[in-house]
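The data blocks that follow each hold one structure.
Presented sequentially are two complexes of subunit A, the first with subunit B as partner and the second with subunit C.
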Partner chain A sequence: MDDDLPTDFQVIVVGTGMVESIVAAACSRIGKNVLHLDSSDHYGGLWASYNFDGLQKFIKEVNSDPKRQQQVYNLSEKWYIEKETPQEEKKEEGQDKTEDSKAEPPKKVWSQANFTSEYRKFNIDMTPKLLFSRGPLVELLISSNIARYAEFRCVTRVLTWLNDRLMPVPCSRADVFATEAVSIVEKRMLMKMLTSIVGYNEEEMNNEFKDWNDKTFKEYLTHKGLTPNLIHYVLYAIAGGTDKMPCLEGVKECKKFLMSLGRYGNTPFLWPMYGSGELPQCFCRLCAVFGGVYCLNRPIDKVETKTVDEGKTMVTIESKSKTLNCDHLVIGINECPKELLSPEPAESCDISKAIFITNGTILPSEKEPLSLLRFPPLTEEDNAVTVLEVGPATGSCPKGLFVVYFITNKVKDAESDLMPYAEKIFDMSGGDQTVTSDKPKCLWSLFYNAADGGGAGSGAASGADGVFVCAGPDSGLDFDRAVSQAEEIFKQICPGEEFLPRAPDPEEIVFEDDVTHGPEFRREDDDADGDAPKE
Partner chain B sequence: MSSKKKVLLKVIILGDSGVGKTSLMNQFVNKKFSNQYKATIGADFLTKEVIVDDRIVTMQIWDTAGQERFQSLGVAFYRGADCCVLVFDVTAPNTFKSLESWKDEFLIQASPRDPENFPFVILGNKVDLENRAVSAKRAQQWCQSKNDIPYFETSAKEAVNVELAFQTIARNVLAQETDAELYNEFPDQLKLTANDNGRNRDGDNCAC
Partner chain C sequence: MHGRVKVRTTEEEKARKEKEKQEKLKVFKHAMQKIWDKRKKEELDLELMELTGKVLTSNPDIYTLWNIRREILNIFRKDMESEGQQLVDLYDAELRLTEYCLKINPKSYCAWHQREWVLTTRSNPDWKTELALCNKYLKFDERNFHTWDYRRFVISQCKPSLKEEFDYTTEKLLDNFSNYSAWHYRSKILVDLHPDLEAGRPIEDEHHKHELKMVESAAFTDPDDTSAWFYQRWLLGAVKTTVDLVVCTISPLKTTVAFNEPVSKDYVQMTTNLLINDVSVNGEWLPCEGKKYNNVWIFKHNEIIGDNFDIKVEYNRENVDKLTILCIQKNSLYIGRNNISFQRKYSEPVIKELKKQLDSCRQLLTMEPDNKWTLLTTTFLLHCINAKHYHNEVIDILKTLQIKDKMHAGYYGDLITKWSIELQLEDDYRNEELELKVKFAEKISSLPHLHYYSFCENVNLFNQNLTSRVLSTLSVLQHCKKLSLENNNLTTLKGFPSLNLEELNLRGNKDLDMKEVEIFKQQNNYNVIF
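Moving on to the complex of A and B:
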C-alpha cells in the first residue's frame, strides 16, 4: 500500500503536533501540494491525547527509549488502588438493588481492572490547554471555518487557593456583585481598576500604567488600595501570576481574561471535547479536504538539503527506503533528526506536569464542574501552579471519575514540585474509597517533566535552508504560541498569502467538471474511464 | 410516542480508497456523479434531510477526506457516529476482504455503547460495471454472518439503490432509539460559530 505514496510535494510536514498541523492546513488551504507524515500510529505527537491503554504504551515506550526522553522525561506512574475489585464488594452491589432505592448508592470501589476494561472511555492529554473565548485559537477556528470539526465545553468556574482552602473566584460582573466575600467598597474599587485594565493600550504612551514599567503587579494592586483578598483574586487567579509578576504583564494577562468574558459561559475559557489532542486532527482534516495526503506510521530516516538551479533548495527525505522530495520541510521537534537542530540547546526552563485520576471533584457543585484552579506558590522558591479538573461530560473519563492536570515551571522535578499541591486537594493515602472525606481520593497518578517549547530560541529556527522546526508545547494556558509560530512558518513558506482564509461550507462548493445528473447522461465511454485503477 | 423532534444523525462512510465512498455521498446528497476525481477541493461532509415515518431526520454524512488511503484516519473522525456505512467495490475482491477490518476498526475507534447492535450497512458499489468479481450471494452471506447487516448493491454512477440504502440507515438508527429520544452521550456541547456574541448568553458581559 505504502508504495503508492507519491514522492514529490511542495511541502512535506513531519509530525502531527499542533504547530505542524496548523502549518499543514494553511499550506494546503491556499493550494500547496502537501504530504503530512507521522512516525507513530496516532495524531498529535507531543500534543496527543491517549486512552488508558494508549497512555500505558506511551509511558512504556518513553521510559525504555532514551532517544524519546528529549522532550518528555522522568515519567513516574503510581496506583493507589487494588489490582482487582475484592469479591465481597461485588456481593454488596447485588444486595443494594433490593434495599431502599432512595438511599444514595455507595461510592463505586475502583480497581485497576476497571480502568483496563473501560480504557476507551479515557482521553488523557499530554498537553492539556484551555482556549480563551476571544483568544487567537478560537478566532482562528472560527475565521478558517475549522470550528465545524470540533466541539467544546465551557469551563464552569475559576478557583483559587486562599486561606488554606479552595475558593471560587468571581468572574463576571454579576459574580462580583453577588459574592459576599467582597464588600461594597471593595467592589467599587475593583470595578474601577478592572475598567482601567480593559482600557489599557500598549501603543498609547500616556496610559494609566506608564509609571509602572519597572514595578510589580502586586505593587500596583496594593497602591490601588485593594484588600489582600482582592489582590489574591486578581494577581493569582485572574492574572495567574506570582508576587514577582511585572506590572504590565499582569495588566495584559488580566485584560486577556476580562476580554474573553461573556462570550460563551461564565468564565473566559473553553475546553475541547475529548481533550486538546482533538485540535491538531481538526487542522489535519482541513488539510486533507484540500488535497493533503496523510500517512501515519511513517518514520523518516534522513533529511538532506541541496541547492538546485537558481539557488533554489530542495529537501529530500528518506522514509522506509523511499525518497521523498519537497521545496519546504516542516518538522516537529520530536521527529527531527539531531543534525537538523541548532547545536546549542536553547536555555529554557522545563515544565513539571502531573495527571491525577480521582473519584470525585475537588469542590462539589450542583452540575458536573469543569474547573481551572490557580494555586499561588506555596513557598518562596515555587512557581504558580495551574490545575485543570475535567469530568466525564468532557469525554475524558468514565462516570464517577475526574482527570486532574497540574502544570508548573520546573524547579526540581515534577513529583517534588507538584506533590505538595496535590496533597492540599486530594486524599493521597490510598485508603478505603467508600469512606467519604472532604477531599476526593487519588486513584492513579503520573508525574513527568517536559521541555518548554515556549523557551527562548525554540522558535522556527533550523540549521538548513527550506527546513522549519516546530517547537514542542509551551507552558502557557492557551495555544497562543502554537498559533503564532505556525503563522510565522507559513509566512516564510508562502510569503504574501493569506493565512487560513475561510474554507467554504460543503454546500457552497460548486461542481465545475462534467457532472451528470444520475442516469440521464449515460454515454458509452463513461464506463471505460469509470473504472478505478485496480491491482 | 409520535414526537416530531428533529433528529441529527452523524453517518460515516468507510471502505478502501477508490470504492466510491465520495461518489455515493455526492450522489445521495447532490444527485451528482463525476468520473474525474478532483483533488483540489475534496469532499468534507454533506447534510441532507430525509423523512422517516413522518419524522424529519437530518443526515450529516462525513467523508474520510482521503485520509483512509494510507490508513491514517484519526480517532476524531469516528467521534459520535450514529451509524456506519461500509463500502466495497464489487469489481475488486480486495476491497470486499477489507470490510472485516474496517468494521473492527470502527468498533475500536468509535467504541459505541452497544457494539453488538450498532447500525451498520454494507454497500457493494459499482454494480454498473461489467467486470464484477464479488457475487451478490457471497456478499449477502457475509452480511448475514455478521448479525444480519443490511446489504445493498449500489451504483453511485447510475444512482442505483443509493437513496434506498441511506433511507434504510436512517430508519435503522431510529428503530434502535429508546423513548423517541436519541441517546446523546454528551449533551450541551458547544460549537463555535462566527456570530456567537448574541448566543450562549448565560454568562455576563465583560466585568467592566
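Moving on to the complex of A and C:
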C-alpha cells in the first residue's frame, strides 16, 4: 500500500485535529492537492471522541509514555463502582428484561463490567465544545455546505449555581416570561438590560461605555441598578464571566450569547451528536470528496525545509522510511517535532478538565435535558467553571447514564481545581446506586490537564518557512479560535483564494463520461442519460 | 486528477431551472384546460378528481378546483345510498390530499375549509386525528391562526376536556407569548372552565388572579408586545355587568326610557311598565336609535300628561327584586332617575391583586418614566381600583400620554372625555337640573353615555372638540329643546338626527359649509343660529 502513495503534494497536513482538518478541507476545496496524515488510528487528535474502550487505550498510552503525549498530563482515572455486578442480581436483571414494559424496573446498578460490555455506546469527548447558533463555526458549516455531514441537538437549558443550588437561567424572552425566580420588576430590568445590549450600534456603544474602559462588568451592572440575582445571571451565566471581567468584554460576551438566541432552540447553543469529535471528520470528508488523500496510522519522523530556486521553500518529511514533498506543511501541535515549535514557551494558560459519568441528571426535568452549567468561582483564586451535561439522546452514553464535562483554566491541577465543584452537584461517595438522593451518583471520573500553547496570534507562527503549526484545543466554549486560526493559515497558503466556498449538492455536479466514477455514481449517470433534465 | 468534481456554473443552473419551469407551466396549462373541458361537458367523474388533485398538489390555493371536487363528491354521495367502502375511501383520500396541500401552504384557506367540509359531511369522523393534526401544525407555527380556527372547529365537535385545552394554551404561551390566537382561545375557555356561578362573576377569583399575574409577567417581560396588553384589558373588563334602567322621562309629548346597555324590544316589553296614577299604561315601544338593540326606547301611548300626576315606572328583571322608580315633576317633565355607578366591581381578592400590580407599575415608572404601556396600564389600574379617588391622577397621566404618544392623542382624549363624563354623571344624577353642560376643564372629543342625559331640555356643548362624527349619537336627546354646538369642529351636518328642537346653535364651526346650513335650516322648523 505504501508504494501506492504519491510522493509530491502541494499541501501535506499532519494531524486530524480541528484546525488541521479545516485547513485541509479549505485547501482541497479550491483544488489544492492535499495529503492528510495522522499518527494514530483515529481522527481528531486532541479533539477526538472515544468510545469507552478507545478512551481506556488513550489513558493507558498517555500514562505509559508521558513524553509521547505532552499536551495531556496529570491524568487520573477513578471508579466509584464494583468491578462486577453480583451474580444474583444479574439473574434478576434477566427476568426484568422480559417484562420490561410492565413495571418500571428498579434503578440499574452499574458495574465496571457493564461499561466494558457497552463500550460502544459511549462517545466521550476529550475536547467537548458547544457551538453558538450564530457563532463562526455554525456560519462556516452553513456557508461551506459541510453542515449536511453533521447532526446537532439544541442545548435545552442554561444553569447556574446560585444560593447554593442549581438554578435555570432565564435567558430568552420565553424563559423570562415563564420564570418564577425573579419578580416582575426584575423581569423588566433583565429584559431591558439584555435588549439594550443587543441593540447597541457602534456609536451608541461608544457613547454608553466611554467611561467604562477600565472598570469591570460587575460594576457596570451594579451601576445600572440590577439586583444581585440579575447580576448573577448576566455576569456568570450569560457572559460566562467572573467578578474581574472587564466591562467591554462582558458586553461583548453577552451580545454574542444573545445574538445566538432564537435561531434553533430556546438556548443559544448546539451540541454535535456523537460528540465534538465528529466535527473535524466532517471537514476531512469534504477534503476527501474534493480529492484529498487520507492516511491514518502514519507517524512522521522528520521534517526538513529547503530553499529551492527563486526563494521558494520545499518541505520534505520522512514517514515510514518514505520521503514526501510539499510546498506547505500544516501540522498539529501534538504531532509536531519539538525543534519546529517556537523556542520561547508560549504563554502558559493550561486547562483543567474532568469527565464524570453519572447515573442521573444534575437537575431533573420533564424531557432528557442537555445542559450548560456555568459555575461562578467558589473562591477568590478560582476561575469560572464550565460544565456540560449530555445524555443518551446525544449518542454519548447508554440509557440511564449522563456524561458530564468540567472545564476551567488551570490554577493548581485538574483534580484540586475541579473536585470542589463536582462535589457540589454529585454524590461522590460511591454508595448504593439504588438509593435515590437529590444528587446523581458519580460512577466514574477522569481528571486531566491539557496544555494550551496556542494563544491567540501565535497560531500560524512556526520555526520554519512553509510550515504551519496548529494549536490544540483552547478553553473557550465554542470553536472560534480554531476557525479563525484555520482561516489565517489558509490565507497564507492560498493568498487571495476564497475560504471554503459553498460545496455543491449532488444534483449540481456534472458527471463527464471520461471520468472514472465510483459505482454509486455510475447508476445515476446511466439513468440521467447525460444531463437532460428528468420529467 | 481523479475524483475532482465539476460543478455546474450558475448560468447552466439558471438555464436548467428555467427549462424546468417552462415544462411545469406547459403541464399545468394542459391540465387546467382539460379540467374546464370536462366540467363543461359535465363529466364529473373520478378522472376529474384525479386531474384536479394533481393540480392542487402543486398549487393548493385554486379554490375553484376544491369546489369542483366537492361537486363530484356530492354526486357520488347521492348516487350511493349508504356510505359504502368506495365513498369512505374517497373521503380518506380527500383528507390525505388536504393534508398534503397544507404541508405546501399551511395557511391555505381553501385546504382547511375542504377538510372541515369532509369531516362534517362524512359519517364517523375521526376527531382525535384532527386534534393531533392541529397539534402538529401549531408545533410548526404556533401563531398560524388558520390552525387555531380549525382547532376551535374540531373542539366544538369532539368536546374534549376544557382543562386540557386550557393547559395547551399555557404550553403554547410559554413557548411564545406574542400570540393573539392563543390568548384569545384562552379567554374563551377560561369563562367556560372557571366561571364563578355563585357570585355571578365571569371568572373565579383565584383564576382571575392567576391570569392577571400571568399577563403581568408577559407585559413586564416585553412591554412593547401588544398581545398581552389586550388580554389584560379583557381581564380587567371581565366583571359582573347587569343591564339596568337608567332614567325615564315622561313629557306631554313623549315618553322615553334609557338603559345602561343597548337592549331589545322584547326585553323592554317584558321588564318595563309605565304606571300613571297607579294605572298601567298600554302602548308601543319604538327604537330611538333605529336599531335592533337600543339604549333609549320611546314609549308611544295615548295618555295625556298633566300636572301633579303620580307617575311611576316598574322595572322587573328575572331573579332580581322589582324596582319601582318614582318620576318627579320638573317643569312639564316627569323624570325618574335610577342610582347609577360606573365603578367596576371586583371581588376583594382581585382588588388586592390589582393594587399589587399598581405598585409594580409605579415602581417600574420610577425606572422608566416614559414607557407608554406602563403609563397607560397605570391609568387603567387606577381607574379600575377607584375611579373617583384617582380621577385627577388618571387625567394627568393621560394628558402626559397625549404629549408623549402623539399618534394616539385622540384615543387618550376620548378616554379623558369618557372617564370625566362618568364622574360628572354620578354628580348630575344627584341634582335635579334639566341641563347638560360640561363641568370640567378638558374639552370633550366624543359623547359617551349621552343616553344618560336623554332627559335634558338644555344641552350645552359650547366650546368643545366635537366633530361631525358624533352627530348621529345626538338622536338620544329626545327631550332636548335647546342644543348648543357652538365653537366645535363640525364640518358637515350629514347624519344630524331629527329632533324636536327649538333652538340649535352652530356658531363658531369654521369649516361648516354655509350652503349646507341654509338647506338644513329650510328642512327643519326650529331656529338654527349660525
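Observations on the model:
The working rule: the second predicted complex is superposed on the first by the 484 of 535 C-alpha atoms of A that agree within 3 Å, B and C clash if a C-alpha of one lies under 4 Å from a C-alpha of the other, contacts with A are read in each partner's own complex, and residues count from 1 in each chain.
The definition used in the following text is that contacts are C-beta pairs under 8 Å (C-beta built on N, C-alpha and C of every residue); 3 or more make two chains touch, one makes a residue touch a chain.
A quick note: this is a predicted structure, and the numbers were derived from the prediction, not measured.
Touch criterion met: A:264 reaches subunit B, while subunit C stays clear of it.
Of the two partner chains placed by superposition, only subunit C is touched by A:225; subunit B is not.
Of the two partner chains placed around the shared chain by superposition, neither subunit B nor subunit C is touched by A:107. With both structures placed on the common chain, the touch criterion links A:289 to subunit B and to subunit C.
Contacts of A:198 after superposition on the shared chain: subunit B is touched, whereas subunit C is not. When the shared chain is aligned, subunit B and subunit C each come close enough to touch A:174.
More subunit A residues lie in contact with B than with the other chain of the pair subunit B and subunit C. Of the two partner chains placed around the shared chain by superposition, subunit C is the only one that A:188 touches, whereas subunit B remains out of contact.
By the touch criterion stated above, A:508 is placed in contact with subunit C alone, subunit B being left untouched.
Subunit A residues in contact with subunit B (one complex) as well as with subunit C (other complex) are 31, 173-174, 176, 191, 289-291, 504, 509, 515-516, 533, 535.
On the side of subunit B, the complex with subunit A involves touching residues 18-20, 27, 30-36, 38-47, 65-67, 69-72, 74-77, 79, 89, 91-92, 94, 108, 111, 126, 128-131, 157-159, 185-186, 188-194, 196-197, 200-208.
The part of subunit C that touches subunit A in the complex is made up of residues 1-8, 13, 16, 19-20, 23, 173-177, 216-218, 220-223, 360, 363-364, 367-368.
Contact residues of subunit A toward subunit B in the complex are 1-2, 4-5, 31, 42-43, 120-121, 138, 141-143, 147-154, 171-176, 191, 194-195, 198, 258-259, 261-267, 270, 273-274, 278, 281-282, 284-285, 288-291, 293-298, 393-395, 504, 506-507, 509, 511, 513-519, 522, 526-527, 529-535.
Residues 31, 33, 173-174, 176-178, 183-185, 187-189, 191-192, 225, 289-291, 504, 508-510, 512, 515-516, 533, 535 of subunit A touch subunit C in their complex.
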